Amino acid sequence: MIDLLSYGAFFLTMALTYAVICLGLNLQWGQTGLFNVGVAGFVAVGAYVSSILTTPAIDGRLGGFDLPIVIGWLGGGLGAGFLCFLLGALTLRLRSDYLAIATFGAAVVIQLALLNLEGITGGPFGIGFIPRPFGTLAEQPGLFAAANLAVLIVLVLVCYLALQHLTRSPWGRVLRALREDEEAAKALGKDPVTYRLQAFAIGGFVMGLGGAAQAHFIGFIAPDNYLPTLTFQVWTMLIVGGSGNMRGAILGAILVWAIWALSGSLVASVFPPDQQARAASLQIVLIGVALCLVLLLRPYGILGEAGTLRAPLRRALRRTPNSLSEGQKTNV
Amino acid sequence: MTLQPLMDGLVNGSIIGLGAIGVTLTYSILRFANFAHGELLSWGAYLALTVSAALGALLPGLGTPIGPFSFGWSVPIAMIASMFLTGLVALTVDWLLFGRLRNAGSAQIILVMSSFGAALALRNLLEFIYTSSPAYFTTALQISRPVLPGLRATPDQLLVLVLAVVMVVAVHLLLTRSAAGRSMRAVSENPALASLAGIDTRAVIRMVWMLGAALAAVGGIMSGVVVQIRPTMGLDLLLPLFAASILGGIGSVPGAMLAGLMVGLAEAFTVQIIGAEWRAAVSFVILVAMLLLRPQGIFGKAAA
Amino acid sequence: MTQTMEGRQSAQDARSSDEEPILKARSLSRSFQGFKAVDDLSLDLHEGEIMGLIGPNGAGKTTMFNMLAGSLLPTSGTIHLKGQDISREGAEKRLRRGLGRTFQIPRPFPEMTVLENVLCGAQGQSGEKAISAFFRPARSRRDEALALEKARHLTDFLMLSHLENEKARVLSGGQRKLLELARILMADPKVILLDEPAAGVNPTLLQDIMARIVTLNEQGVTILLIEHNMDMVARLCSRVMVMALGQKLAEGAPDVVIRDPEVVRAYLGDAA
């Protein structure tokens, strides 16, 4: 019973770390329409920065600086946010899919850096001994799990309320205006690039924060945790939860993480060990197909049809013409 | 320093260039960055592998190496078949996914996103069918021979270069001299006007997919011949493909090929000078430099 | 309704032509796929005047506005505002320089309330910066309160008060026109380009809008007005330019220009 409870707490805590990441992506995509294909990279930056800041000093690697966990988390968020800012500044003035290409490239390079910059990241083996919140409770597993869960619940709540606070401000009003009618908002003096850049960077901060929290919850990190599959998981969570809807993002994270974990253990128990890798790839095929189906049939999410923010996103997306009707000039 | 990276760079650059032509065509005519294009290279390679293995099993004579090359007639025959089959794969994906989104008037970014999902499905389908272990067209080893002082190449590598030149010239002639090519250019320049002028946009779209996929198949097969075949080969090539198509100027076929060669060379010299582990970062550096300095690409016109 | 067809004297008389115009366009052209919507058109707008821009449908008036306001880049030509070259600047920069516009077909933010729509017109709002949106310092709360007061004043004036909390998508065509006006007035521009502000608005309201335009002008706002209602043009404008087929047909005092045979022909040709 206690086992089941602490497993439940473990599961939920992990799901909530994804919920934080998902909230960050929701600000970028759901509220602003920016397509980030490098989620895994930004999550990794958050995780690594925080780990380096908070682990005890170690030979042969930068840091650790043994700082408080809170500082680590903030540092992780700032690192990811700053990176998003740079990429946004590079691409947001150009075509809308250059951001997608640039974030994709950034994730590739971040993965490379994690593997190769051994003096900073610990190379392929990553970083271990990452301090956990309430580490002193580790002797009592039940209490420890509950404390971790409580930390994550608070973090999700804080992110949720902060993002809501932000989107309900005059700043959020401009963001909405830009989404509803960019041309009209420009005629009222609002610069789309500035606001998109800010939303992208803040979203990146939240993603980094989620990555940091996750690292401290697992206790060790390695480059393999941050493969493109992670990007894709988070996207599935957001799409299932319904883009533009913050509660949906949280719910989607929990739901998809549950499906993922269940189908993973199903694969592990049903298939013989030598076939498990293949079965896992089939699992991804199915989810890839599901993502496409959602885009085809319910592009604005499965859950919570009544969400009010979805209509504007739909309109904002329609407005950028998919231009077999009207487009930019190019040369063949 | 030796000249050897030159050869490696040109060979890899040819592969990148062939893939980038497809990316640049889809980008300029269908107007979205297709994240699934890399998978067409992988599919091309695996389809050719399958056809060639089947041919080899039916007619063992086809497996004996041709002249100095490492493979028999089964591979070139399989290549022709694979160009066509990969085209069918692309058309199927377009019919199932992109075409429907286009008809629903979806935003460009939704198409980009769906291509991301399609890429995942296509890649993992390969992994499911063929497993993730690398595969080869032949197990025959090739000895590289000196071509110039300080420059060695295998016959396979030289063939790749020749084939790439032939393909690019053929595509260029097709686009500039044929009626189909003129329609494609017209749609790229101005879709609305093109359809007013009676150009069949759907035929043009089919052309784009067939052409892009066929070139991707050739690129993937080349990569399979000189390196190996893996389900993730397309994913690994995706960033170089994007870098080359932006560097070459979106829409420019000769630009994509030249830029592909430049990316390939830059990678090869990076491997030589800095180390192989940073190879994948080269494309990103080129991409960032281009977006900073000349977003329209070296051969592209400034945006209107 | 009209007592006089004579051009109304603007609050500040139109300056002599050698004085630097507040808005100066030179040889503006814009083509759409080879079709020249505006063809080598120059225009001077002098500080303090109300100038009319008239012409049959499809003459290129809105295209001209789009170029002046920065929604559309000209194929060729230059635009100067208060002597500064703004030809390549975007609409948002031009607005911050004091050049505002309304859209002929209103573009409200449909899922936002009328009041929120109007608030979006406020300039220099501290709360629109992400940092202050988060921490909400006294300054941004004060800005927002002032903006709210001004927005209420404007909705009141334009008879939209009772709709304040309605989503803009429920507004009628005429109400959207008013909202369009309220939103841009919120920004306090020095020069306003009004694209058919009275089209679809009921006649009593039309009088109010005209009065409001006069008041604005008396407060020193320079206005360029596209309008099909000749009576309104004649009463408001000290000067009009007539466009047809992308080119300038005539320019001068309203009563003179309206009788110009070429202008008459352009309009009749349009009607035929």
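Every chain is named by a letter (A, B and C) in the order it is written, and numbering of its residues begins at 1.
Convention: a contact is a pair of C-beta atoms (placed from the backbone, for glycine too) under 8 Å apart; a residue touches a chain by one contact, two chains touch by 3 or more.
Predicted model only: the values in this text are computed from it and were never measured.
Viewed as a network of touching protein chains, the structure reduces to a complete graph with every chain in contact with every other. Across all inter-chain contacts, the pair with the most C-beta pairs is A-B.
Here the chain at the heart of the shown protein, by mean C-alpha position, is A.
Averaging C-alpha coordinates per chain places the centre of chain B 52 Å away from that of chain C.
Distance between chain centres (mean CA atoms), chain A to chain C: 44 Å.
Centre-to-centre spacing of chain A and chain B amounts to 31 Å, using the average Cα coordinate of each chain.
The set of chain B residues that touch two or more partner chains comprises 190, 192, 304. Residues 25, 27-33, 35, 96-97, 100-102, 104-114, 116-122, 124-125, 127-128, 131-132, 175, 181, 184-185, 187-192, 201, 235, 238-239, 242-243, 246, 249-253, 277-278, 280-281, 283-284, 287-288, 291-292, 295, 300-301, 303-304 of chain B touch chain A in their complex.
Interface residues of chain C facing chain B in the complex, by the touch rule stated above, are 33, 73. Across the complex, chain A is touched by residues 69-71, 90-93, 95-96, 100-101, 103, 107-112, 116, 119-123, 125, 127-130, 132-134, 136, 140, 143-144, 183-184, 187 of chain C.
The part of chain A that touches chain B in the complex is made up of residues 33, 35, 37, 90-91, 94, 96-98, 100-102, 104-106, 108-109, 112, 115-116, 228, 232, 235, 277-278, 281-282, 284-285, 287-289, 291-292, 295-296, 299, 317-332. Remark: chain B residues 190, 192-193, 304 touch chain C in the complex.
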